[in-house]
């Protein structure tokens, strides 16, 4: 995985300042990169690190910054260029090739000639695995599942029957797509199961984090748009619809039948109630509870940051009595108004 | 999976209005159902959709509503009837039958003659798998585990040694039942493990969601009552006891040794501290923190809904100073009282 | 698993009061232990149970307490002694020995002579499995993974390529270590993947709970110190660094590049934002949001406990208007000051 600085610059449509023949074999941080490593400066607040870095070269956004180091690639968007270059430094992540002999593949499944199916993976009836798909070890691919071209499953992923994944998706380990939505009808103190008859459909270029769960729809499908990125430990309930390129961070919980627009960002630990609508370009900060629809783009919050416990306890005690305080406050205003009258009339 | 309207009405003890011979091959929503699909009206606020639906027939609760569509099944509780009918429209979800040749089953395990054990599943010593059980691919059934009749495990479920499941349970993929509770004794700045010697016991008709974890007890057992329904990504710590027919939504976290009553509902993202008692029929709204026992039935909350971030920041800044405000408020009251005295005595 | 009281006392360096030959075959609670069971009194508030317990013997901290029961082991720290004794009452948890014939092990992997590898587990190229390691069924061990001596993996654990685990670690089922961090560069409304090139390194004696996820670093490694204990359903993002002996409870979410000190305790449901620093000996109470660095040891909170829903709704309505209230409050103070002047000057 060695490349010259010139080759890397070519990849990202950048211009080399310095030695284009410098061999780069790794990416590194400004703080710790060594002389055969390429680093990047994306955030101006780290500019002072250019003086002290041992990196062989740095991705920077203009010539002025390039002059602060021996070798540089000048490029409009160094962070994007860095992202693009990470791709070529990925090591081989799995050693398996072809369909492993320990895999159990139904006779009725269709496996593309160049797909990889890892050890101990099971592929059930009528599943269709597209070209260049890679399925890690220990996965279970349910009946009639469809994987679009180039989709990559890490080990131990479970896809229930009828789930459709688009092209170039990445699904991390222990994600579960297509489990039953949480639907029950109450009857005389117990719960009658509503069998979940819909499926889950993912667009292209979707990434799903480890241990994330996306439930199948009750009647119709749960739908995840193109380019959606979902982090680890996220729960997407039945019949949720998520618009293109929305990103959802770790531990977010989205209840049933909610529609989230395109280009939204949902931060970690957010909870969104069911049957709501969120417009496009809505941004939710961490640990916020969304209990109403949001029809205007913008940023929304209800997470409250920490204080020392002893101070926080006093705050909570006051908050609990805020209704009393507000009522007394109204009385006080009345008293003052009366006082003002009295004083003025005296 | 085709049935006549008359057959379906018979199932739910309903009465056909219209064509009892109409063939129904699917359930659908009022909005999108086609002419060979059966829909339902459970919530009066959707009644206007009866006029425009293309559904072949609709489950409704009285004759008056039935007259608004061509074909209907009249039944006391249309939502319950719909739930009951979902059962007969479930497709075959797994193609495996019998004990798959790739499954690893200990000689000392007892497998009922009609149980299904999927590919690459491992069943350890002395496990007992009841009649009509279905175990998906990639599951691991620990030593001495007992599965009651008709219990269904989706793929990649892990049951640790000694876990007992009742009859007709459904366990979704990647659920882990019986992992060690989080128990350590502090000693000189490090943690001494308390090996967890209890087990987990589930009643009958329990459903456990994908990626949900239920820890084994420290000394005695963690216990989940009959008919309990638990959604995805839920954590049940060691020695928790949950009463019959309680339902727990996604992402709820229940700390150790807490007892939850019967017929409770715990919403998504709720956290319940350890060693508490919750009475029967307690209902907790989303993202609430339960830090004290609840001895009276009723609804409890502490989740706070979102506001636009800029407004929320002002709110938080004020809340942090509420203790000061309350103290100044008391001074103000004293000043006003003095003023009142002065003015009155003048 | 039978031992005499004398043998158990010897293990924990305690002194027997009563019958040292009493056979103990189980540990039990004071409430429910039987006559061949050993219990313990750690919390003085349960001292009254000594009078009524049927336990054969009890671990207590002094002679005075020992006199309240027939048989006792007197030891400085009964809770620690109990923790130490749990170890010898653990049953055989898995029946598999050696490398199971259904396991798929790469020729280039190095497996210690006495390691156990369960059924249907896959070990990829160049992995190194240390002495006395036990790997449960259905695990996937990625390329180049290293497991230190005595490390124990429960079933269905996934370790991505390049992950290093220290000695005597315990990893519970469905934990995923080394999945990609959630890193993307925004570009024209879509997300460009930043391939994650770092790994995850765990120290010795680390315990990781079921369904917990620890992401690999973007460029450098995610690092978990010695003796760290992490509960179930926890998310540790890329490049997080956690100091020795810190404990993290269920459902906590820690965002990227945050450094947590040693000897911290993070309670359940806590969220910690990215790029923060937490000092040693910081303690966070349940469901707190950490949005700033914490440089002083101590306890920090922002979780708010529940109230009856109707009261809580009034509280929330008032909190939403607290900014108005505070502004009016300032006006009121001004009015009162004017009144005071007027009254005083009259």
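In this document, chain identifiers A, B and C correspond to the written order of the chains, with residue numbering beginning at 1 in each.
The criterion applied here is as follows: a contact is a pair of C-beta atoms (placed from the backbone, for glycine too) under 8 Å apart; a residue touches a chain by one contact, two chains touch by 3 or more.
Each chain and its UniProt protein: A, B, C = UDP-3-O-acylglucosamine N-acyltransferase.
All of these numbers come straight from a predicted model, not from anything done at the bench.
A.B. asks: Roughly how big is the turn, in degrees to the nearest 5, that lines up chain A with chain B by CA atoms?
C.D. replies: Here the rotation carrying chain A onto chain B measures out at 120 degrees.
A.B. asks: Any idea if chain B and chain C meet via the same residues, over half in common, or different ones?
C.D. replies: different
A.B. asks: If you average the CA atoms of chain B and of chain C, how many Å lie between those two points?
C.D. replies: 25
A.B. asks: Can you list every residue of chain C that touches 2 or more other chains, as numbers and ranges?
C.D. replies: Correct list: 102, 120, 138, 156, 174, 211, 233, 251, 304-305, 307, 319, 322, 325, 329, 332, 336, 339, 343, 346.
A.B. asks: Write out the stretch or stretches of chain B touching chain A in their complex.
C.D. replies: 26-29, 32, 77, 79-80, 82-84, 86-87, 89-96, 100, 102, 118-120, 136-138, 154-156, 170, 172-174, 205, 207, 209-211, 227, 229, 231-233, 245, 247, 249-251, 263, 268-269, 286-287, 303-310, 312-313, 316, 319-320, 322-323, 325-326, 329, 332-333, 336, 339-340, 343, 346
A.B. asks: Tell me, which parts of chain C touch chain A in their complex?
C.D. replies: Residues in contact with chain A: 102, 104, 106, 120-122, 124-125, 138-140, 142-143, 156, 158, 160-162, 174, 176, 179-180, 182-185, 187, 189-197, 211, 213, 215, 219-220, 233, 235, 237, 251, 253, 255, 271, 273, 284-285, 288-292, 294, 298-302, 304-305, 307, 311, 314-315, 318-319, 321-322, 325, 328-329, 332, 335-336, 339, 342-343, 346.
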